[in-house]
Amino acid sequence: MDNIKKYITSIYHELKDNNNGKVADYIPELSKVNPNNFGISVCTIKGEIFNIGDYETKFCLQSCSKPLSYLIAYNLLGKNKIHERVGYEPSGQTYNAFILNNKGLPHNPMINAGAIMVAAQINKNEEPSKRFNTIKSFYSKMGGNNIIDFDNSVFLSEKHHADRNVSLAYYMKENNAFGIINPNELMQSLDLYYQQCSATINCEIGSIIASTLCNGGICPTTNEQVVSKNSVIDTLILMYNCGMYEYSGQFAFEIGLPAKSGVSGCILLVVPNMMGICIWSPPLNEQGNSVRGIEFCKKLNEKMNLHMFHNFFNNKD
Amino acid sequence: MDNIKKYITSIYHELKDNNNGKVADYIPELSKVNPNNFGISVCTIKGEIFNIGDYETKFCLQSCSKPLSYLIAYNLLGKNKIHERVGYEPSGQTYNAFILNNKGLPHNPMINAGAIMVAAQINKNEEPSKRFNTIKSFYSKMGGNNIIDFDNSVFLSEKHHADRNVSLAYYMKENNAFGIINPNELMQSLDLYYQQCSATINCEIGSIIASTLCNGGICPTTNEQVVSKNSVIDTLILMYNCGMYEYSGQFAFEIGLPAKSGVSGCILLVVPNMMGICIWSPPLNEQGNSVRGIEFCKKLNEKMNLHMFHNFFNNKD
Amino acid sequence: MDNIKKYITSIYHELKDNNNGKVADYIPELSKVNPNNFGISVCTIKGEIFNIGDYETKFCLQSCSKPLSYLIAYNLLGKNKIHERVGYEPSGQTYNAFILNNKGLPHNPMINAGAIMVAAQINKNEEPSKRFNTIKSFYSKMGGNNIIDFDNSVFLSEKHHADRNVSLAYYMKENNAFGIINPNELMQSLDLYYQQCSATINCEIGSIIASTLCNGGICPTTNEQVVSKNSVIDTLILMYNCGMYEYSGQFAFEIGLPAKSGVSGCILLVVPNMMGICIWSPPLNEQGNSVRGIEFCKKLNEKMNLHMFHNFFNNKD
Amino acid sequence: MDNIKKYITSIYHELKDNNNGKVADYIPELSKVNPNNFGISVCTIKGEIFNIGDYETKFCLQSCSKPLSYLIAYNLLGKNKIHERVGYEPSGQTYNAFILNNKGLPHNPMINAGAIMVAAQINKNEEPSKRFNTIKSFYSKMGGNNIIDFDNSVFLSEKHHADRNVSLAYYMKENNAFGIINPNELMQSLDLYYQQCSATINCEIGSIIASTLCNGGICPTTNEQVVSKNSVIDTLILMYNCGMYEYSGQFAFEIGLPAKSGVSGCILLVVPNMMGICIWSPPLNEQGNSVRGIEFCKKLNEKMNLHMFHNFFNNKD
């Protein structure tokens, strides 16, 4: 842990003055964040935590909620059931493209269409408050029983600027991707999706969540088995393949670790057998990933050689 | 090795009577192959070989040549140089789609456009025979100095039915993807691509090639460092992400190993720190992958638990 | 008129036994119609009417409402205002494709996206009943003050199976094609669009409407100037270019007259300086045009040589 | 004719100082032209000619050759035969898009793919010089037996920058759009297409050609029936629907006459029963049509009211 602290502290200071990138502004609420915010937290699989910078400030999960809600749906419904409604393959298109796979389903749970589909499957016959509580409760357990907050201004803003998501949802409905669903249920599911995006964490909670993934579904600070090991493995596979928007293939080349980014500037990074990391810095590059977040991943990898495919051979030696 | 022999022999017999799938017929020469052919070879990183079935019969590499020629170009030109001309990301489309990435380049070296681009970079100012010799010589070294043969009938057939590839090549030329190239050089590069697809190996040679990848670029039967370790790592990452056509994402879910398939019915499978495997059985499923080949991978995985992301956690225990 | 009666009677009997084509079934209500229905009405610009077959039976306007509502919007808002929201060009795609022109607008008022846009402009700040009354009243005036009925079952069915239209509407909203509109207004506009599609006429009324177009906006049976001459000209241009779905170009070749078809099996045909014709026969060909309707147009043209471009030269002689 | 002279002289002077637009530069040879060139010629169906400006300077036909070669193929092969290989519908896409209709054919003869197809049908088993002579001879006869020149620099430039056209040609070949054709014949047909684009005329010749179309295929200065009346009618229909690139629909709205433009800045305009007009002014607008050419058409229409659909009603009065 001492080495990790040393490396992370050093990288943190190297990146503090990197002011590249642009805060997301597709919804007005997101654009109000201070671009100087920069926090990093690490949680090892033994539950040791190290924080630096603005690690206590809350931010919205945005797309980082996608793998988490996939985990919930996987655990509630089972792998086969959830994958009757969503595929496994990279879409090769932007995260909000009008495209379904050859079965008429969204390509994977990490793009908007797929994440809407996944949200629609969570407790689908229950009332809205219960559905959101299920999500909040799972997120909280993955995050060491810390409180998951909610940014209602972002939610209202998302809902108000959601034309593309509504359009995608009706395009899927037209293709019977949801099975039986009425417009009211569809709108509730979209609301649930905006709500999971508007759930807030801080870096420390994010690192515990990432460490729960790293630890096969057992939260390292509470020792609770929150989700099954198999569901975690499949989630990590999806994060590895499709977690970083249109940079996913290059991220696999350069970093070689499962990760998920969100437009709030958050990255959840999973280092096998070792630790979960959460980096938060709002300014984004053109692929929609946090500029400092990507740089952090590269520099950490240089120092610690964490790349899965590189280690593949190093283990041998 | 005894366990491996036992498992593979058992799976071979289980699959022998699986007559599903359809031999590729997009070029007449390919459709002439006997669909009953079925061979499997394994080569461990210590250079031990085990063969079963039609392991001596020659077949064309087809798309299995793509990662191998990428390795050659990578070693001759360097990573940066080759990736000025081809990307890293899954295309989300069929292997022969009219689509370039936002830099006007083919998405990755595992689709036709990308493989044509890669072939065009190999010894590009040399005469055709020298260019093909370079490829043949590398393939041979990766395959334990075994002879790489050539199926001229398939080559002529490929060349004669190559309208889509010519069209793709000119589409890339229009977008300046090649840099400076004249029509004659373009046609020579296309010929070189058809030639690498028409190079023939058998299962035993294929397994040594796969084992060279598994062994960081050192051929396990000759101990020669044929290609650099870094080039092999990056090739395995691409095979993992894009090696199995539109089944790549699901293959990552189910098998979780780097692999590459070709329409001749061949699959090269790389098991980290352990062995390279070559399976050959011509009938294909609708994604263009060998039916028996895919089933073999699933059954082997069940018996031996080879999945990279599953082992990720198992190592811990 | 005697010749016209003779020709039409003869063609009617020639086509009566043509049972090709298939009644529209994309919404259940439409599929219930008797495929044997077949009516033709002619109304000359002097107001003389000739009817044959099932000319009194009511049917829904469906897409035949598109040019009529375009006329209304044109007359209420003016040409420039309406064309700030919708283009002039054929889309080259199916009538319900996800495609906007390079200004982010629907290609033209004859495809679904464009017709939804046009409906959204009609009395847009008024309450729903008033908006529908405006449409009904215009249709009625164009149809010689005959009563325009309403098929509420079709309306409910359209609304219930409208996922693609909702998706298209939100796609346009995302692109700011509507200007300022809230979800409630959007849904009301979609309802208005389904309602205009569910308005019912019979062949006789249809022929008077077509004759009003033929007569520069003056209804030939009431002599009322219902819409302006310029608006009628522009509507006829659009019908000529885009009125017959993906058969429009070939229809221009073969028939060379402005026309509009609907999936209820209706065709409104405008013969310059002469007459409006309405043909109704539900079975459709693969382009979605009435089989008997298209055959009627061809045969009438053979007998009477009505093609605009052919007459172009004939006038000279 | 006196009125026509007066109107045209007046419009010519109004537009002389309009320096908007940009000379085509997709091939270097085209960009060398002097943008101040501006000529207009009129030829009535009685063979009277009126010229103004740079009416003697030669320029390349470019896309204005498309309707002329379609006429040739139509007259040599017949309507049915030529339309087995090319469609009737607007494509809704740019003139060089990768798109074929649902029969695997180019959408119409006015886009590049369709024009390549048409050229490939002209004397297809003859030697290249004979094929070009056929085209030159027809063009000459349509142009009053004036000499059709050839700009070899433009031809070589076209051929050298033809990647998209080669790509389109192979895409069509892959789809069997040509029927049986070998690569050599394909390249000869592409050459023939570049050659027809590189044939040169001046405004006076252009006006005679347009007047031949206006006159049902009889050249008004030689009285020779060069092409059949039916072939001319079908050509005018296509020019009306698809002659002005992506401005065709709006041109039909505003001008309402058959016309064809080329990137050399030429427009052939056909006024029914009256005259053919050729305008030449190289600077183009963003749709690829001559800026002064389009303005000329609008102003002439204002003065003379030539719009087919407007006249439709005026005739009545």
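A, B, C and D label the chains in the order they appear, each numbered from 1.
FYI, a contact is a pair of C-beta atoms (placed from the backbone, for glycine too) under 8 Å apart; a residue touches a chain by one contact, two chains touch by 3 or more.
Bear in mind the structure is a predicted one, so any value in this text is a computation, not a measurement.
Participant: Select, from C-D and A-C, the pair of chains that is joined by more C-beta pairs in contact.
Facilitator: C-D
Participant: Computing the C-alpha centre of each chain, which chain sits at the greatest distance from chain A?
Facilitator: Chain D.
Participant: Any idea how many Å lie between the Cα centroids of chain A and chain C?
Facilitator: Spacing between the chain centres: roughly 49 Å.
Participant: Averaged over CA atoms, how far is the centre of chain C from the centre of chain D? Could you give it in whole Å?
Facilitator: Centre separation, chain C to chain D: 33 Å.
Participant: What parts of chain D, by residue number, touch at least two of the other chains?
Facilitator: As it turns out, chain D has no residue touching two or more other chains.
Participant: Could you classify the connectivity of these chains, where an edge means two chains touch, as line, ring, star, complete or other?
Facilitator: ring
Participant: Can you name the residues of chain D that touch chain C in the complex?
Facilitator: Where chain D meets chain C, its residues are 45, 87-93, 99, 107-108, 216, 229, 233-234, 236-237, 240-242, 246, 248-250, 252-253, 256, 272-273, 307-310, 312-313, 315-316.
Participant: Could you pull out which chain D residues touch chain B in their complex?
Facilitator: 98, 163-164, 166-171, 173-174
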